[in-house]
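As structure tokens, here come the structures.
One chain, subunit A, appears in both complexes that follow, with subunit B as partner in the first and subunit C in the second.
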Partner chain A sequence: MLFTSYQFLEFLLLLFLLYYLLPAGWQWKILLGASFLFYFYAGPVYCVYIAVTIVTTWFTGRRIEAVRAKRDNWLQEHKETISKEEKKSYKAAVKHKTWILTLCCLLLNLGILAVVKYTNFVISNLNGLLEAMGSGKSLDFLNMIVPLGISFYTFQSMGYIIDVYRGTVEAEKNPFRFALFVSFFPQLIQGPISRFGDLKKSLFAAHPFDGRTVCLGLQRILWGFFKKLVIADRILTGVNTLIHNPEIYDGAWVLVGMLFYALELYADFTGGIDITIGIAQTLGIQVTENFNRPYFSKNIKEYWNRWHITMGSWFTDYIFYPISVCKPMLKLSKFSRNHFGEIIGKRVPVYLSSFVVWFATGIWHGASWNFIVWGLGNWLVIMVSQEFDPLYKRFHDRFPVRGKFGFRLFQVVRTVLLMSCLRLFDCYRDVPLTFRMFGSMFRRGNWNIFLNGELLGIGLSAADFLVLLAGLVLLVTVSLLQRKGSVRERIAGLPFWGRFALWYGLFLAVLLLGAYGVGYDSSQFIYNQF
Partner chain B sequence: MKGRKIGRAIAAAGIVVCSLALLQRILTPKVTDGIIERALIAEYYEEAKDHDVIFIGDCEVYENFSPAVLWEKYGINSYIRGSAQQLIWQSYYLLEDTLRYETPKVVVFNVLSMQYDKPQKEAYNRMTLEGMRWSASKVKSIYASMTSKENFEDYLFPILRYHSRWSDLKLSDLENLFQVPRVSHNGYYMRVDVKAAGSIPDPVPLAEYQFGSNAYLYLDKITQLCKDKGIQLILIKAPSLYPHWYDQWETQMEEYAKEHELLYLNFLECTEEAGLDFQTDTYDGGLHLNLSGAEKLSNYFGRILTEKTAVTDRRGEAELAAVWAEKLAVYEQEKQKQYIQYGVN
Partner chain C sequence: MEELLNILKDLHPDVDFEKEERLVDDKILDSFDIISVISEIAEQFDVVISAEYILPEYFNSAKALYALIERLEDED
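And then the complex of A and B:
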């Protein structure tokens, strides 16, 4: 059930009616039922996978709490009789036990993710190796079902179990409430990746109908539909033409393709998240924001703090920090300082941890080398940029342009271009081809395509370009207005007819200009695929 | 204050409903865009529902029979509920829809659509379904006809289907907003021009000649519905040279008619008797008859109707005769107009 399908809208309507008409105490149960219905509709078999994750993670969380409760009781009972050392050793043993439980849960669930998502990738690499060795043999690919949103719900569940292990959240006692946390349908298939501590309060609470909140939620959904249907799905035809025919569309077309893709991806992903957060808001539930105007970032590092925020923070909290401070890393850091000096020594743990994070980020996006290279490309740019810091500092000492509009604009454009270049790996999905296409931009010299009308030959009409241009202007305007706070809140302050004109105008724009229905191949959200 | 708020909300709702209705009207394709079938189906509802014969089926009925001739020559009051590639379940539901308003003595069904067992094309579905008034029959027909890419909601609110026409709008879309010109003569779509039948493509061998179970299911339903209502059902195969009507199909239809004691007429076998000449009586090389052909065939069929069914000559009914007099005048005008338009003598 795509977010943009009529079935989904009807499903939502029915859900809202039940949610607000039935007793408030039933709300979270209704949501659980709706979430499983949504998932069941996507594929009954998928429910088995998510159920395994729910049961094992919930059970592990409860076991960890039980072990800790037993520890506390034991310590309470024996506090007079045991020494400090015994106490410490007992605590360490319990911690080790909880770690083993956590590790088992992580291995099981990440193992499922790895098997369903990466087995064929491994087989394809093994086949490559076998071929290189001239063995003449090859392994058969497996016909694996990749459950919808498995990357998202697995990461969300694993974040939970690590938090329980760390003691930052209490394990949920009710398995059905925990099931709702994992399966909450608006964020199930494209995030955000929520933390249990952030979501539980509003997810399980009773929400009496609040017209204002519901209105704000609906407005956010409408804005999401505008981005997805009017911009992302309209430009999709052009993007597909360009990236699926690299033999025809090289040189300047690559620049067009990467910029179009940048717009499509932004409108698609942020539109999807707007719909997700909007749906949650209409239900009275607060979901973490996932974007903060990323295309206004001054550099790649900042960009990644503002794009898919929940994924970035997940990798930082659950991979980067643990690796940075683990014993082997500290030893390596010490070794490096001793042998290569302070400057290199202090960089080793950061660089290595970042490398692992970006490798994981890449492979999380897809089981292929292009995603891995894309992830490592980001790592390289961030690290190089970090190394250039002293140079930048000297430049700014000499030329005081920092804060000036022109320089900020330059930084923003540079970031967008850099990100778009890196995303070519995502576009072409083939590493050597990506390098070839990137190189062709500088060799081909067919820049006249911008003037000779050829742009109208990629499946987009003049009307499409007009709509896209208007959509882009609106996107930028809203983003600029967002610097001063919520645009919806400000619109809510307008007189009735002003509000009506704006929202009804947006509704008509989606209705008339949206690329949906027969004649348009329905396109699922790009991030559904990860 | 509360009253003002309610008033504003009602006004806003009014603006939304009216503007959406207007937009839907503007964006929906018009007869002037060449899509006449929607109007063919819809025009029936403007009629006095007192017909003796109802034709159902695809273009082979609405282009090959002229109700004007049936009236003029035999006093038979008939109407054609035909549309392009009308699938058999659409014919059934159109018949069901028609029987809500009247019970004719005879229903004539063209069997070419037996070849289709599954939904075919959205464009053709629209031609049949959009002209129907909303009823349970229309809903069932939509569900029976939708291809995998279609949605019921698009039929319920056509603006969802035609929203993207904004970039193709013409002045005629605004000119014909509220007035739809009539395009048919009791469901007959007139063409006077001539394009003689030339070489007809050889029939393509089929993998399967047996009509599908779904097609038979709806043929049974049509048969049963007519039986229940005391209507005589006549199965026909119109005399179109193309698409090819296979012998195996003919055998199945003959057997079906025999089994159910129905009259089955394959006009392909009596073109000479009907006086049809495919050098002069077709406007598209043998696919459909032109006015000359349709009038000859109607004349021929009218005689059969009077001989083999319970239809009677109603030319003596003053009120009906007056209605037909007007219709015949329009029919004549259209003829003359087309003769000039196509340069036919």
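And then the complex of A and C:
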């Protein structure tokens, strides 16, 4: 059931009526039923996978708390009779036990994710190896089912269990409430990856009908539909033509393809998240924001703090920090300082941990070398930029351009181009082809395509280009306005005719300019496949 | 405290770490800075700050971070 299908709108309407007409105490239970219905509709077998994650994670959380409660009782009972050393060693033993429980839960659930998502990738690499060795044998690929949204709900659940282990959240007592946290349907298939501590308060609370909140939520959904249907799905035809026919569309076409893809991905993913957050808002639930105008970032490091924010912070909190500050890493850092000097020693934890994070980020996006190289490409750019920092400082001391409009514009264009170049790995079928296509931009010299009308031959008409241009102008305008706070809040302050004209205009734009048509099947959201 | 202030000033000489109380919230310290600080603390104070303590409440000010170091030293 796609967010952009009529069935989904009917599903939402029915849910909305039940949610606000039945007693408020039933609301979270209705949401749980709706979430499982949504997931069951996507594939009945998927429910088994998510149920395993829910049950094992909930049970582990409860066990950790039970072990800790037993520890506290024991310490209370023996506080007069044990020495400080005994107390310390008992606490360490209990901590070790909770760590073992956490580790089992992590291994089981990340293991399921790894098996369903990466088995065929491993087989394909093994086959490549066998072929290179000239063995003449090959392994058969497995017919694996990859449950919808498994990367998202697994990460959300694993974040929860690590938080329980760290003691930053209390384990949820009610398994059904926990099931809702994992399966909450608006964010199940493309995030945001919420933290239990952030979501639980509004997810389980009673929400009386509030016209203003519902209205703001509906407006956000409409804005999401505009981005998805009018921009992303319209430009999709052009993007597909360019990236699926690399033998025809090389040279300057690669630049066109990568910029079109940058727009498509932004409109698709942020549009999907707008719909998610908007649906949650109509239900009175506050979901964490996942974007903060990423294309206006000064550099790639900043971009990753503003794009898919919840995924970035997940990797930082649960992979980057634990690896960077673990004892072996600190020992390695000390060893490097002693043997290779202060400069290298200081860099070891940051470089190695971020390498692991970017490798994981790459493979999380997809089981292919393209995504791994894409992830490591990001790592390389960030590290090089980090090393150039003293140089940038000297430049800015000499030329005081920081804050000037021209320089800001240069930084924004540089970020968009760098990110778009890296995303070429997401577009072409393999890594060598991606490098060839990138290189062709500098060799082919077919820049006349921008003037000779060939742009109209990639499946997009002049009218499509006009709609896309208008959509782009609107996206940029809204992003600029967002610098001073919520645009919807400001629109809400306009006189009635102003509000009506704007929202009705947007509604009409979605209705009339959305990429529909006879036999049109709205495209899947790109991030669903991750 | 002086030792900690020196570690922090090495990273950002232009920041007044004695007064600043929103180092993480205002993104003055990013994740790379935090790791460098922890690595330096391990080196100079012989205290390991594990990942569960990497929270804004401990890294928002030099004072809070120093209190954490003292606490972890006591626990050792």
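Just so we're on the same page, the second predicted complex is superposed on the first by the 525 of 530 C-alpha atoms of A that agree within 3 Å, B and C clash if a C-alpha of one lies under 4 Å from a C-alpha of the other, contacts with A are read in each partner's own complex, and residues count from 1 in each chain.
Keep in mind that, in the parts below, a contact is a pair of C-beta atoms (placed from the backbone, for glycine too) under 8 Å apart; a residue touches a chain by one contact, two chains touch by 3 or more.
Remember, it's a predicted structure, so these values are computed and weren't measured experimentally.
Once chain A of one complex is fitted onto chain A of the other, the partner contacts of A:Gln386 are limited to subunit C, with no touch recorded for subunit B. Of the two partner chains, subunit B is the only one that A:Ser461 touches; subunit C does not reach it.
Once the two complexes are overlaid on the shared chain, A:Asn446 sits clear of subunit B and of subunit C alike. Shared-chain residue A:Pro349: touches subunit C; no touch with subunit B.
When the two complexes are overlaid on their common chain A, residue A:Tyr504 makes contact with subunit B while staying clear of subunit C.
Contacts of A:Leu330 after superposition on the shared chain: subunit C is touched, whereas subunit B is not.
In the superposed three-chain model, the partner touching more residues of subunit A is C, compared with the other of subunit B and subunit C. Shared contact residues of subunit A, touching subunit B in one structure and subunit C in the other, are absent.
Put simply, subunit B touches subunit A in their complex at residues 8, 12, 15-16, 19, 23, 27, 122, 149-151, 153-154, 159-161, 163-164, 166-167. In the complex of the two chains, the subunit A residues touching subunit B come out as 6, 461, 463, 496-497, 500, 504, 508, 511-520.
Residue ranges of subunit C in contact with subunit A, taken from their complex: 27, 30-32, 34-36, 38-40, 42-43, 48-52, 54-55, 75.
Touching subunit C in their complex are the following residues of subunit A: 88, 166-168, 301, 305, 316-317, 320-322, 324-327, 330, 333-334, 337, 346, 349-350, 353-354, 386.
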